[in-house]
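Structure first, then comments.
For clarity, chains are labelled A, B, C, D, E and F in written order, and residue numbers in each chain start from 1.
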Amino acid sequence: MSFLGGGRAPASAGGVNQEKIEMAMTELDTVTDFFNRMVQSCHAKCISTRYADGDLNKGESVCIDRCVAKFNEVQKKVGEKLQSRGQANTTPGGGAGGFGAF
Amino acid sequence: MDFSNFNGAEQAQMTKIIEKRQMQDFLRMYANLAEKCFNTCCNDFTSKALSSKEETCILNCTEKFIKHSERVGARFAEYNAGPKSVMST
Amino acid sequence: MDFSNFNGAEQAQMTKIIEKRQMQDFLRMYANLAEKCFNTCCNDFTSKALSSKEETCILNCTEKFIKHSERVGARFAEYNAGPKSVMST
Amino acid sequence: MSFLGGGRAPASAGGVNQEKIEMAMTELDTVTDFFNRMVQSCHAKCISTRYADGDLNKGESVCIDRCVAKFNEVQKKVGEKLQSRGQANTTPGGGAGGFGAF
Amino acid sequence: MDFSNFNGAEQAQMTKIIEKRQMQDFLRMYANLAEKCFNTCCNDFTSKALSSKEETCILNCTEKFIKHSERVGARFAEYNAGPKSVMST
Amino acid sequence: MSFLGGGRAPASAGGVNQEKIEMAMTELDTVTDFFNRMVQSCHAKCISTRYADGDLNKGESVCIDRCVAKFNEVQKKVGEKLQSRGQANTTPGGGAGGFGAF
């Protein structure tokens, strides 16, 4: 990952702050990962797999809207819970990091 | 995301990186979609050719996934509009 | 892992890298947990608000997953204590 | 990812064109990802999980051959469909890229 | 893939990168296989030791997966022989 | 990935052996991946998804302990089997690497 290079080519080569770039990349990757999981989960919850045609029907469309709302809520609740637990020992190497809601 | 505190050189680098990420994301989405539609639509291995029924299923599966993703993306954008940040500690 | 043969500069770099990996691992765990609890707890899409039943399920799912991970981590550490290495050829 | 370093150590250090290397790596990763998904999918479709012995039986072998053929076909159909849709708005950040069939 | 338009230095770098990727791919395949065979073969947790039945299942699962992968690889190579490229725009 | 930079900024910049760092990162990633899969698999095997409360009950706790033991055993058996097969042709690009048990 790009972030790992930080030590190697440290900060401001031509005015570029590598730390800032890496933070932005982590944020981008996190949002992308979250979005992709939401797409997969709401697909599983809302989309009929008979595939008789290629359009979303009314029921599917409404389901998607509610699914996105609920998925966002769940993400927030889980985040608050993790934060209140001061989550720190889950992974072998530790696991830490401050984080808020999307 | 908010890049207003990025200088020109930083914005240029971010743009390059984001373009590469988008290509990677697209390729991953493509592979994932092909796998998903295959798994749903293909269940008969008495022949190596796609039946017309399977082909229709694959095309509808693809079409529907795109529309689904677009709708999720539109709703997601509404919820995430504004200056809130994932990393806001 | 055994870093005793790492010099100061190498240890400093490893520390930086490990901290970044930990943050990435944490964020992935978080996303994965939200997805898992959503998939298990939310099955009613007649409303866009979480029902109180769903909310309780989400909180218990999260709590239980953390305790589960901690217990797996504790057992895992017992099994992997000592100078054995994954990469020992 | 290696590709991200492009900006940092730009092109031809000692005659090496980093852009070319990164393109080749993207291609390699794409083929590997595709192959791994084919292995997983055809395993799920063709291999009995009773595991009474360690050999592929005749039925499984024939199934694998057909599965690989179909998986390749599906990949091509999905690619054509995506291309005809001019797929551009699926991911939060956009999502683009020209691509052909394998 | 076609590396004929790569100069010596570029080919050397690609070779190094590919070797690293192969090791990573192998390790991921190994972890994935262990997980898959565990999930299929182990369903009794009244004991912490593998039963002989479970052990046989694990060995056959591994053996069969390798043969499966080899066969898929052989067919895949046939389909992808020739100067066609994934990235050919 | 960090490992890929090896060629670019080769070894000992300020006394840092990049090869060593990369080997350590591969090891760390491998252990983390293994641990995460164990967490997921044992969760699926042992944890009831009714989620009536947030505590592990006695049965779940005992199940986790045995699950971790078995998962470790399986990982070792699969590793031995792969090694005895001299596993070399599974991935498109080949696939190799010496490895022991955890």
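Rule of thumb we're sticking to: a contact is a pair of C-beta atoms (placed from the backbone, for glycine too) under 8 Å apart; a residue touches a chain by one contact, two chains touch by 3 or more.
Chain identities (UniProt): A, D, F = Mitochondrial import inner membrane translocase subunit.
Keep in mind that this is a model prediction, so the values were computed, not measured.
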item	value
Rotation angle superposing subunit D onto its copy subunit F by C-alpha atoms, nearest 5 degrees	120
A-C, B-D or A-B - pair sharing over half of the D-E contact pairs	A-B
Chain centre separation in whole Å, for subunit D relative to subunit C (CA means)	28
Whole-Å gap separating subunit B and subunit C, where each centre is the average of the chain's CA atoms	25
CA centroid of subunit C to CA centroid of subunit F, Å	13
CA centroid of subunit E to CA centroid of subunit F, Å	15
Residue numbers of subunit C (touch at least two other chains)	13, 17-18, 21, 25, 29, 41, 59, 62-63, 69, 73, 76
Interface hub residues of subunit D, defined as touching at least two other chains	1-2, 4-5, 8-9, 16, 25-26, 28-32, 35-36, 46, 65, 67, 69, 91-93, 99
Touching residues (chain side subunit E, partner subunit D) in the complex	1, 3, 5-7, 9-10, 13-14, 17-18, 21, 25, 29, 40-41, 56-57, 59-65, 67-69, 71-73, 75-76, 79-80, 84-89
Contact footprint of subunit C on subunit A as seen in their complex	1, 3-4, 6-8, 22, 26, 29-30, 33-34, 37, 40-41, 44-46, 62-63, 65-67, 69-71, 73-75, 77-79, 81-82, 85, 87, 89-97, 99
Touch list for subunit E against partner subunit F, complex	12-13, 16-18, 20-35, 37-39, 41-43, 45-50, 54-55, 58-59, 62-63, 66, 69-70, 73, 76-77
Sites on subunit D touched by subunit E in the complex	2, 14-17, 20-21, 23-32, 35-36, 38-39, 42-43, 46-47, 49, 51-56, 60-61, 64-65, 67-69, 72, 98-102
